[in-house]
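The letters A, B, C and D name the chains in turn, as written, and every chain counts its residues from 1.
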Amino acid sequence: MAINFSLIIPEMLVAGLGLLVMIISLLVPKDQKKGLAYFTVFGLIGVLVVLYFMIDAQGTLFNGMYIVDPFGSFMKILIVLSSIMAIILGVEYVEKFITGFLGEFCFFVVFATLGMITLVSAGDFITLYVALELMTISFIILVGFGKNIFRASEAAIKYLLLSALSSGVLLYGLTLVYGAAKTTSINGVMEYIAQGETAPILVLGIIFLISGFGFKISAVPFHMWTPDVYEGAPTPVTALLSVASKGAAFGVLLRVFMHALPGNQELWMPIIVVLTVLTIVLGNFVAIPQKNIKRMLAFSGVAQAGYILLGLIAFSTVGVSAALFYAMIYVFCNMGAFGVIIAFSQAGGGDEVQDYNGLWKRSPFLAAVMLASLLSLAGIPPLAGFVGKFQLFRAIMEQGYVWLVFVALGMSMVSVYYYLLVAKAMYFKDPHEDSQIKVNLPIQITLLAITLITLFLGIYPTPLTNLATQVAKTFF
Amino acid sequence: MITLNHYLLLSAILFCIGLYGALSKKNAIAILICIELMLNAVNINLVAFTKFLTPGDLTGQIFAIFVIVVAACEIAVGLAILIAIYRDRSSVDVENLDWLKW
Amino acid sequence: MSFPILSSILLAPVLGVLIILFIPQKEDKVIKIVAALATGLTVILSLIAYAYYDQSIGGLQFVEHIPWIDELGVAYGLGVDGISLPLVLLTAIVIFTGVFASWGLEKRVKEFFIFLLALVAGVFGVFLTTDLFFFYLFFEIAVIPMYILIGVWGSTNKEYSAMKLTIYLLVGSAFALIVIIAVYLYTGLGTFDIQTLTQQTYDIGFQKFAFLLLMVGFGFLVPMWPLHTWSPDGHVAAPTAVSMLHAGVLMKLGGYGLIRAGIFIFPEGAKFWAPVIAILCIVNVVYGAMVAMAQKDLKFVIGYSSVSHMGYVLLGVASLNTLSISGAVAQMFAHGIMTALFFALVGNVYNKAHTRMIADFGGLAHQMPRIAAGFVIAGLASLGLPGLVNFVAEFAIFVGSFRVYPVLTILAISGIVITAVYVLRVVQNVFFGPRNPKWDGLEDVRGIELVPIVILCGVLLFLGFFPSLLMELINNGVDPFVQQYLTTPKVGGMF
Amino acid sequence: MIESIGIKYIWLVPLAPLLAFILITFLFKRFQLLSALTAIFSMVVSFILTFDILRVILTGHEITMNTPVEIAVPWLNINGLYIEMGALIDPLTAGMLFVVTFISLLIMIYSVGYMHGDPGFSRFFSYLALFVFSMLGLVIANNYFQMFVFWELVGLSSYLLIGFYFYKDSAAQANKKAFITNRVADFGFMIGVIILFLYFGTFNFLELAEGISASTDLAFLTLAGILVFIGPIGKSGQFPLHVWLPDAMEGPTPVSALIHAATMVAAGVFLLARGFVLFASASATITFIAYLGGFTAFFAATIAITQRDFKRILAFSTLSQLGYMVMAIGLGSLTAGMFHLTTHAFFKALMFLCAGSVIHALHKQDIFEMGGVFKKMKITGTTMVIGGLAIAGIPPFAGFWSKDEILLVAKTNGFTFLYVLASITAFLTAFYMFRLIFLAFFGEKRSDYHAHESPLTMTIPLMILAVFSIFGGLIGAPFLEHGFAYYVYFGEPHHPHPDYLIMGSSTLIAAAGIFLAWLVYIKKAISAEKIANQFAPLYKFLYNKWYIDEIYQWFFNKVVLSISALLNWCDRNIVDGIAHGIAWLIRTTGAKGRYIHTGSLQTYGLVIFAAVVVIVLFLAGPVVGGVQ
């Protein structure tokens, strides 16, 4: 059987890039690694271009262990895009706070990217597991890089132990499913499940699977690690973790469950609905009292994961398309917010919300980007987040979950409250110091682009909605 | 006669022991080892299923090998981080790891 | 339609924002002039639209339609009819005068006008759009700038009020959003076009459900008792121009939405819930007025008077006949102008005296005769004196409602007595009485400060004498809908 | 069509003063004389036009109460509401127009002298012009809506003029009180108008008259009549809404003369005449009107006896006379009511202007501080005495004829009680009026003052009015063929026949009143103090105006303000409290919820695992059940 390697060009490119960067970083003097970072960025942009042209490609490789389809490509674009932004935003930060490790930062990001893009294309449990671990281990290392090394290593060990624990559970689930379905191919397993099979061993396996994926996308109650790790990790890593890793995990979750669910909706749907509601409610509630902005964003991220899950609940083209749209938008919003945090801490600012007092006067640009990003997260028009939420609500209401729309909307009002608390600090309070904040050009351009995209997609979302709809049809 | 169920039982017990240990041990290294136990339970499952259910197919066994490799990587990274923590706090007690909370 | 006049109205403030973005912070005057020009442009364009609106044809005119989000069937649709056109005009007038009312602003002028114009673009959008999706979108655009405007440039407990206002408005709009999605899905036509949706028939149960949500949602905006507490706080805290725009225009979004999206799309639901609205609106009128009487801060008085006056709008809406709904729309217009005038005046006094406590004043007519005159005119408008446009609107509401809810209407009419009491008390305590030497330093309004007062008073008086200019247009917009979707309610009650 | 400039240009009658108002307000404010001249000129225009209308009616005999001329333009025409602005010209209108324009003209001339040197000179004339505009608009109204509109506008002018001296706290209080009291009345009036409109589908007087005549729904007509009547109760100061009128004397005296004596307060009576068909359609209404009027007449007269302030006595006398007019209409005689209105306008305006003249000279208002003014101010004194005789009802002065007619109606229509009450009131009127005259103008000087006769601009109007007060009543004298009753009537004109018994007795009663006043205050045969002390509680009761003001004050301060404060408290604490409560609940939940995240990774693991267990347990039932 001929293997069409052209389908995995992006993965190969990323892998090659990772290795190249690793080697070059050994050669380049410690203080000149900035160029390397931009080299990485350009490499990833190349990958992005390739992915963009490959979006319609479809096919399987290695006996079905690897699936290339529009859905996967969409998620890959999302992931690579986040990695690019994380590196651009992170260069200065890493140079300043984790001096000397820029090369490592770059290639671990690339490897994590590799893990993530493989994950969303996994066609087999083995691929899935390996990709997941590649991603996780790269992230663990990245998390451990932190500016405050002690907090960072605490975050890293927590992340490591908990994700190992959850991988253990996930794996155990996989084996049970394997035992029931007698295959590790995702399609095979799913077809088996879709027949309406409810063998206890299978159900148990799937529960374990849910908990494993739930851990990665930080759905309540599997989210416990999220705030601690987000808070302790270096901010660029937090940013990447919050969008890309969540996105990748969500991608695989969709891939696994989209086929499996129709058979046993009444069995699984209540669980997913409950998890979603818990995620949205708890995420938003607990975000309110947070004083640390990263931690607050961590909880908000938990809540956002809940919103993305709504797309799964809707279980329709519209739902998936909405979820994909939202996930993509979420990348921009979150990156925008974290970008501001990065730029701010580079200028010596702390991570507490009150440190942002009067940011408006010190840098109107950063304040505006932060505001736009947070409001987009809250789903306020004309920012893209609104369209995303609108689509999601529409999708679930179509399925008759009106009460769920009430909950979700209500909670998004709660989220407005704590996002506005940041706005309040930025705009209403007087700054502790008056110095203007200088933001370097790449970050400025990135943040500007992010904001403009958020705004543009909020006002004219058609290009992305069309794409997302087209992609979502993969499943139906 | 040792049937599949015996293996599964063993693996389940092992998994639970690992899980219990992971949730109760105070020493981070012990936790790592307990997690290793859980992964071993997984491996037993995989191998047993292959043996009993799909005799001609080695997928499960190959999976097990992947699991072992990945677990090794994880342990390596984990130990590295623990060393960093030990340098700082002279302890790898997970009870003390609560700077980040609430 | 060759020239996209409505898009121009919508984009004029946006253009203003873009220009101001590139003007250096120091150039206060230039920024203000740009803002005045941008808003002046909206006034001119709205007047042109008014002049060219063909009442003999009626219905939506100057329609623009561009497909927007294919997947959802959202279209960028603009159009005005007899209901929205007066409100567009109102918005234009209020913001134009609002810019002049902020002429004395010195703090962060650039940002202030950016947010103000962004806010007003949203408000225009709400009135202009013919698409429910954009209706919601534009509404929300208006909310956030307001949060910042109040929080930064406001006074008295501003952070609390800004947050309260924002959350209340957003929660209210969330209810509306649910209905928007629900009706979209219910029809299955894949469109948010209001006219198309209006022409559909809906199952009675759905109508009840949808109208209830809209009632609550828009009830937050109007504001309907007991969802009103954000409004006095918000008015008090907001800077002058924002108070004007907010009380003058933003509260009308609720009434407008209730008519446009509520009654017209769900007439049966409206009939079912109308008595509830009617009862709550009486609470608004009487309770609002009584509470206004107890206030010590001038702006609070006006804030609660708005609650009271918006009760009349709700009464008109609840009565579900052409006359009452026309009256409600006219009352929205009239109240908008009047309350904008109030806030312009109080803002002016506050800027000079740095207090708004009624007890601090007295005899201010000596130092500020023009302000006093303006305040008396606004006060008289507020108590519904003939010769001012408010009277006509209120009268139409009363006549229209009386046949439906005689007792409630009588209670509502009693509101004009209570209003007279508190308005005149304020006039007496603030402006009349012996000269208070403490305020001898205060200068009366002059020059550019006079612009808002003159324009707003002029509109009140002009339309008060020639109400047909306004009322016939509104009636033209309301009547076809009512004829088609609401069977005339019986003359009932006491006869 | 009847050829008449006045009818053709009738719209100019109210608009001329409006134009004057606009010009003065916006252009002439700084030029005092120009302002005054503009106002006066506009009045001259209106007066000439009015005069022409009057001429046509008096000479042409074509326009009668039953064949009026109507001119109207649509003002607002929307579905469900058709409103006109127009003019209804009949003798009633013409007479009222004449009274208003004529007295306004005189008073404006008078004011040039009276207000001389006041910083608000121009403002005064602009307000005055505004008032005349509103009043004329009211008078020519051809429909209830227009009537209501101008009804409110005269209220506004009155508000502005009472508060003319806005820097006086008392004035600021008084104008507020006037406005609010009238608002209460207008509340009823408005509802009345609305239900009439809803019932008959029109505001137009003539169309309504047809509808009402045809209608048999007595309950509705009674209700509508009473509701509309509430308007006049306020505007014409009938009990219990009379409280504002005495306080309204805080305004400049010409204003008191014009608005609060001659014209505006009579608007209520005019409305009763205009809408007579409505009130007459239900006997309950009309009887109520009669008794309320009679009571007010008596009630106000009793208070007037004890007052000390020159203008206040006149104010209560006005109330009392308005009561007469209302009673007359209630008794079913539109003619008598309007006749009394006309004569009263002359003599009461005269007396107020005299009062103004005296106050202008003395700068005092307490009659007990005056005395002997007559010697210094001959013209004022003489005209005042003429006014006094007119109001007391001494023949042949104006008041005699009109009062007589009212008494006659009361008697012939069988309202004996009211007849007696009215006679007692007539006695009281004569008494308190001459008490005022004797105390102020005669006797010895009781305090230091410098008095001199007022300038000609002031005395000429006095003299003109005095002439009208003497001879004005003759237009309605029963001996006349084409008298007042020939033109102004309801239904069919009916020629009054002189009843000499009533004439004689009423003259005697009036003379007795004057005599008693003479005995007490000039002759001092009876000591006023002694009587007052003897009936101390009664005296106090009357002196304090039956404590009506106090009751209202108590009601407002204690009841209304308490409710208001209570509601305010509720708003802040209960309504807002609930909202805060919800916010608190969410915040607290969040604040508690964060403590789940203890920072201990084993807790985290435990939570994750516990969740798995919960899900397993949750699914165990269905799954096992499903398998079996």
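Here, contacts are C-beta pairs under 8 Å (C-beta built on N, C-alpha and C of every residue); 3 or more make two chains touch, one makes a residue touch a chain.
Computed from a prediction, not measured in an experiment: that's the story for all the values here.
Most remote chain with respect to chain A, judged by CA-atom centres, is D.
Across B-D and A-B, the chain pair carrying more C-beta contacts is A-B.
In whole angstrom, the spacing between the mean C-alpha positions of chain B and chain D is 97.
Taking each chain's centre as the average of its CA atoms, chain A and chain B sit 26 Å apart. Centre-to-centre separation of chain B and chain C, using mean CA positions: 65 Å.
For this pair, chain A with chain C, the centres built from the Cα atoms lie 42 Å apart. Within chain D, the positions touching two or more other chains are listed as 594, 597, 599, 601, 605, 609. Residue positions of chain A touching 2 or more other chains: 157-158, 161, 165, 169, 227-228, 417.
Across the assembly, chain C contributes residues 167 that each touch 2 or more other chains. A list of each chain pair in contact follows: A-B, A-C, A-D, B-D, C-D. Partner chain D is touched in their complex by these residues of chain C: 164, 167-168, 225-226, 228-229, 287, 290-291, 293-295, 321-323, 326, 363, 365-366, 380, 383, 385-387, 391-392, 395-396, 398-400, 402-403, 409-410, 413-414, 416-417, 420-421, 424-425, 427-428, 431-435, 467-468, 471-472, 474-475, 479, 491, 495.
Per the touch definition, chain D reaches chain C in the complex via residues 74-81, 148-150, 152-153, 156, 163, 166-169, 171-173, 176, 179-180, 183-184, 187, 190-191, 194-195, 197-199, 220, 560-561, 563-565, 567-568, 571, 575-576, 578-579, 583. Residues 8, 11, 15, 18-19, 22, 28, 31-32, 35, 38-39, 41-42, 45-46, 49, 53-54, 59-60, 62-63, 66-67, 70, 73-74, 77-78, 81-82, 84-85, 88-89, 94, 97, 99-101 of chain B are the ones that touch chain A when the two sit in their complex. Within the complex formed with chain A, the residues of chain D that make contact are 586-587, 589-591, 593-594, 596-597, 599, 601, 603-605, 607-612, 615-616, 618-620, 622-624, 626-627.
By the touch rule above, chain D contacts chain B in their complex via residues 594-595, 597-602, 605-606, 609.
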